[in-house]
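The same chain A turns up in both complexes below, where it pairs with chain B and then with chain C.
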Partner chain A sequence: MSDHSLASPPPKRRFRIGRRVLPYLLSMPALLVCIGILVPFVTAALYSLQRYRLSQPWARKYNWGENYLNFLSDPSFWNTLKISLVYAGTTVTLELFLGLGIALLLQKRTRFNNFVSIMLLMPLMTAPVLAALMWKLMTNSGFGILSYMVSLLGIQDFRWASSPDTALLTVVLVDIWVYTPFIMILLLAGLRSLPSQPFEAAALDGVPRTFVFWKITLPMLMPYILTATLFRLLDSIQQFDIIYAMTQGGPGDKLTVFQVEAYLNFFQSTNIGRSAALMMILWAITFVLSNIFIKNWLKLRERAR
Partner chain B sequence: MRENSLIESWLRGIAIAVVILFFMFPIVWIILMSFQTNETILRIPPSVVFEPTLDNYRALITGKLETNAASLDIAFMRNLGNSVLLSVGAVALALILGVPAAYSFARHKTRFSEDIAFTLLSFRFAPPLLVLLPLTIYFQKLGLSDTYFGLIWVYQLICLPLILWIVRGYFEDISEDVEYAYRIGGHSWFSTFRKIAVPLAGPGIAAAGLLAFIFAWNNFIFALVLASADKQPVTVGALAFVTASGIQYGQIAAAIVLSITPTLLLALYAQKYLVEGLSLGAVKG
Partner chain C sequence: MYEKEKDLVQSFLDGRLSRRSLIKRFAALGVGATTAGTLVNMMSTNAMAADFDWKKHSGTGVKLLLNKHPYTDAMIANLDNFKALTGMDVQYDVFPEDVYFDKVTAALSSGSTEYDAFMTGAYMTWTYGPAGWITDLNEWIGDSEKTAASYNWEDILPGVRQSCAWNGQPGGALGSADAKQWCIPWGYEQNNLAYNRNMFETAGLSVPTNLDEMVDTAAKAKASLDGVYGIGVRGSRSWASIHPGFLSAYANYGQKDLNVGADGKLSAAMNTDVSKEMHAKWVKMIQDSGAPDWSTHTWYQVGTDLGAGASAMIYDADILGYFMNGGDNKEAGNLAYAPFAANPEASAPTPNIWIWSLAMSEFSKKKDAAWYFMQWASGPEHGLFGATQMDFVNPVRQSVWDDMGFRDRLDKSYPGYVDMHDVSAPGAKIQFTAQPLFFDLTTEWAATLQKMVANEVPVDEGLDQLADSVNRQLKEADLG
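Showing the complex of A and B:
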């Protein structure tokens, strides 16, 4: 080994200089992409402080916090906030319980269970827009298979996404279909990575299974549950694809969650100032959530290394 | 005890059956629908007995739809081509930018590099419209709004954090001693990176690339906001198709099947790495 290193030419000088600059040089492209994305971010922040409507370009001026102040007395803003929180809360809670339940069902490493868990990945790998379109076909009032099934149950005229009473239920159902596998697959990996000694000891002592679940399984699984939940919460409060494809925020303003409302403000009422202010508020919410998330995620990451 | 466990295994079996039914049924139903004519689709009650037809796929592939009233042009194949081009381009660019950066973040940890890595990660969770809305205005000014490049660049928001954080984890798992030994042998930094680090992290890089492809393919909002009509991928195209020809249900189903097949196949192929990719490297499957 040492002979070989002696025989070979000494490392060239330019690499010694390079070593200090190299890390910076290598991360430069990634840095440039960051800057390229931070510029529009700052622009959006500035727009949010302006009176800016595409229909009245002459009236464009800084009105500072007026867009935000207007929200306080704007019922449609409170509707957006409420529906976004309800949507995120409902989907994530239901997906967490379902995902945990399915993960527990598939916990044992049998060939069948592995096969099922791979099959369940399919909804997750379907583009959410396309998933919404699939469910739109299935809930079509003329020929949809689900509409037909509901009518067999004796419920006539169940109009799924087109009725204000059931629109939320329908999009939540699609969200559950797409994203429950996400929580399931993370918790399954968590369950299977738990050390086996505590469970063997409990079984040896004849500890009841419910007790084992509440006192051993659940606490040990908590970091995974927390990470999966926060991850989903961050995505769900920003949901756009499913709702836009299914109802475009309707019927009426029933499902105008943050991103849908901002999209409609920008492209339909061309009120860019209000749209940007909405996005800044959503960003503030996700910023807080993502900081909590990253802390948990880092802990799990350390453990996985 | 014995009876108890028998009941339990029955309940388990039923629960798993219900789970499989709920998650698989929509996909199976859409596939069945894509092989039916509109007449059989519109039958009530619905039935799984029908004469399969390839007409829907034929109409999509030839781009011509003959109806009683008129002949309709479908641009769906173009959407499919755009999806391939955009996703492959975005992943290629993300690999070129991301793999060296991931290597540098794994080997030379500085405040600066950590800050960039976390900024990129935080993009993963920022609301996309926040950046996209100002970008529509910039894109018009810069003349990017009608180009593939503009979209591929914006797709880095999805692909780059994924690649950076997963590949970084794989590089961290490689012992530095191996690289050091190779360097002692008089090899340059670059050839160490190319001949030792990248091949050892190869499976991770491939998996991250496949996942980034899937996420780019499934993306909707970026292209909805930024892509002009002839640059739209399948996600936007399928929705436009539904709006344009809302009654051609068989073709819509076939279009959905064609659009989801690539990602489903890739996911099956890369399933071993999916858990790690979905959690950005925090959970190993």
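Showing the complex of A and C:
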């Protein structure tokens, strides 16, 4: 034993410790990032279980699920849920149709198409809150260009975001203006990366264009469509800046989507408990939606293999 | 400075010469009004230093959180005098109003020691005070070691001063004996009438003296003047739409937002018969003659529409009319002012007021030094400087309102402004009930008004629904 130990020196202790710790060290950055993300999340979750108003600090206590239970009998919460879903559904559907249509028009690589696709990205480079303020000016009843154009069509006194009948339409239009280019550019990239063989074969066989679109283009493009839809849906259901800048959630309660309601509860009413509970519900909705989309996306990928 | 000018200023500071006489004599010596004002301000600063140890915190720095506002501009323009007087350094961050109060809430709720003092509205102190974020300033105001005798706290208009003091009890009277002075009034706004004289002359309109006349006049203005709407009032879905003209009119009918029971419990008071009648008139006025996009109108649109000639009159903050009568505004020089009592049976106006105030952060590590800044900024010398040299209007001090130079300046360029202020100042105060749910309830009130104007709900029904909701929220918060 002693001969052996003399012949070969014992392995360095430091190295053995390093090997044991190495996996933890390697995962440390991810762990730190995870903690950075989870701390605010857990804090919000805890706040949502409290009766917590900054203006009544003496009344702060855990009321557990009471904030959530109160939502069940609160018409304004159901209104918020409805408006948020309608807004997200409407904007994403319309943007998807428009984005796909524009992408199909610009599919062929020409100088003109490349130039137009770059120009169409301009709204996406505008901060949504600035876009909203710009549209607010354009829809101003006194001097707005859009109000003037609508009046040329014989529609007088069109009140855009000021009327409960057209407020949703107005903010949806702004959302479409800002975000359609996002879907367009994703789908355009998808269209241009599709393999050319199926399309060449279809062309040789004289297959009608509509058949090619429905049976070849659309199925092959579906992963891109799902990705674009997922991103936009998650963003749209959390809409704040456009709606708040244009109407602050009004007229009445017409546009009190989750983020606007939570913001007003937090910063204006300083009702931290209710605001946090609203945000947790919004998180749950986005979590469920993400799961649905990701599962479908994985299925499509499997089928493609 | 020449001896003659020095003697003149000294006579003024000693009270042997009025401001008007001082300016006349300066004019005779070939000194312009602006230069004269600057000389007076400089010598006032020297005089202040004589009776109080202003250098006590020399070398100390304080940091302020400020809203972008003419009051801020006036303070910054005079800040060198404060630095010379005290030897202190002052740093500040200025934010636009859209994000200002979010910044304040974030700074205070996190217990940040970055800011020693900040601008606030009195309503906000109903949150900040009970939360323990701001300091009761009575301790400093009443301490002759820390407050100069010349500060003259009683000189601040009583209704304004008391509106910044609350005992923290929901429903507690503002300015009560046990009230804490959460903030110091800096500048304030009454809500009255500002109208376009040219438009009124063209359309043959008389200045309305009550709400019924206002409804009629606004309708006639809209009918007679091409492309002009009759009356500008705020309409956005915010508490800020309730507190100006609307609540001033509402209070003039003797109505309250909340009842305070003998047991201290609060309950909604906005669905009385008189309230419903008043609301119906208000709603009709907006429907018939308000801005087409009224429901998005904040103070900014109300003001700029008057300045741009898009509206014939406004019932809003008087200083909006003041600012729109100058600068590059299209209607500059064409605006006039009148006090307004909505209720024909009321003897005088009862404007609700907005007070830009200064509050001290509870988390400040330099409270005594911060108080030195606060008492200087809200003191009579800076008030007079701001009112006569800058646009520090409306001043909160009676001595400034009594100053003939200030009154002459207003009379010359803002016809009716001084009279309007003098008539309505005695009844001017915060007309709301002080309580922690102020922003929740007033925002919902604004949303209900929007529904009424859009004919989504009848006035009677809307107010009953609002009262039910208010009572529910008060109960949930153990206030009702």
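To be clear about the criterion, the second predicted complex is superposed on the first by the 255 of 305 C-alpha atoms of A that agree within 3 Å, B and C clash if a C-alpha of one lies under 4 Å from a C-alpha of the other, contacts with A are read in each partner's own complex, and residues count from 1 in each chain.
The rule is simple: contacts are C-beta pairs under 8 Å (C-beta built on N, C-alpha and C of every residue); 3 or more make two chains touch, one makes a residue touch a chain.
Just so it is clear, the structure is predicted and the values come from calculations on it, not from any experiment.
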Checklist entry - After lining up the shared chain so the two structures overlap, which partner does A:L234 touch, if you call chain B first and chain C second: first, second, both or neither? => result first
Checklist entry - Regarding the shared-chain residue A:G99, is it in contact with chain B (first), chain C (second), both, or neither? => result neither
Checklist entry - Is A:G273 touching the first partner chain B, the second partner chain C, both, or neither of them? => result neither
Checklist entry - With the two structures laid over each other on chain A, which partner does A:A44 touch: chain B (first), chain C (second), both, or neither? => result first
Next on the checklist: Quick one: is A:V116 in contact with chain B, with chain C, with both, or with neither? Answer first, second, both or neither.
Outcome noted: first
Checklist entry - Does chain B (first) or chain C (second) touch A:P164, or do both, or does neither? => result second
Checklist entry - What is the contact status of A:T286 with respect to chain B (first) and chain C (second): first, second, both, or neither? => result first
Item to check | Residues of chain A touched, compared between chain B and chain C (which is higher) | outcome: B
Next on the checklist: Output the chain A positions appearing in both contact lists, the one against chain B and the one against chain C.
Outcome noted: 136, 140, 142
Checklist outcome for this item: Per the touch rule, the chain A residues reaching chain B in their complex are 1, 4-5, 8-12, 15, 18-19, 22-24, 26-27, 29-31, 33-34, 36-37, 39-41, 43-44, 47, 101-102, 105-106, 116, 118-131, 133-138, 140, 142-143, 145, 148, 177, 180-182, 185-186, 189-190, 193, 224, 227-228, 231, 234, 238, 240-241, 244-245, 258-259, 262-263, 266, 272, 275-276, 279-280, 282-283, 286-287, 289-290, 293-294, 297-298, 300-301, 304-305
Checklist entry - Which residues, counting only chain B, touch chain A once they are in their complex? => result 12, 15-16, 19-20, 22-24, 26-27, 29-30, 33, 41-46, 96-98, 100-101, 103-105, 107-108, 110, 112-113, 116, 118-123, 125-135, 137-138, 153, 156-157, 160, 164, 169, 172-173, 181, 183-186, 188-189, 214, 217-221, 224-225, 234-236, 238-239, 242, 249, 252-253, 256, 259-260, 263-264, 266-268, 271, 274-275, 278-285
Next on the checklist: Looking at the complex, which residues from chain C come into contact with chain A?
Outcome noted: 101-102, 105, 109, 126-127, 130-132, 227, 236-239, 291-296, 305, 310, 436-437, 439-440, 443, 446-448, 450-451, 453-454, 456, 476-478
Next on the checklist: Touching residues of chain A toward chain C in the complex: what are they?
Outcome noted: 53-59, 70, 136, 139-142, 157, 159-164, 246-253, 264, 267-271
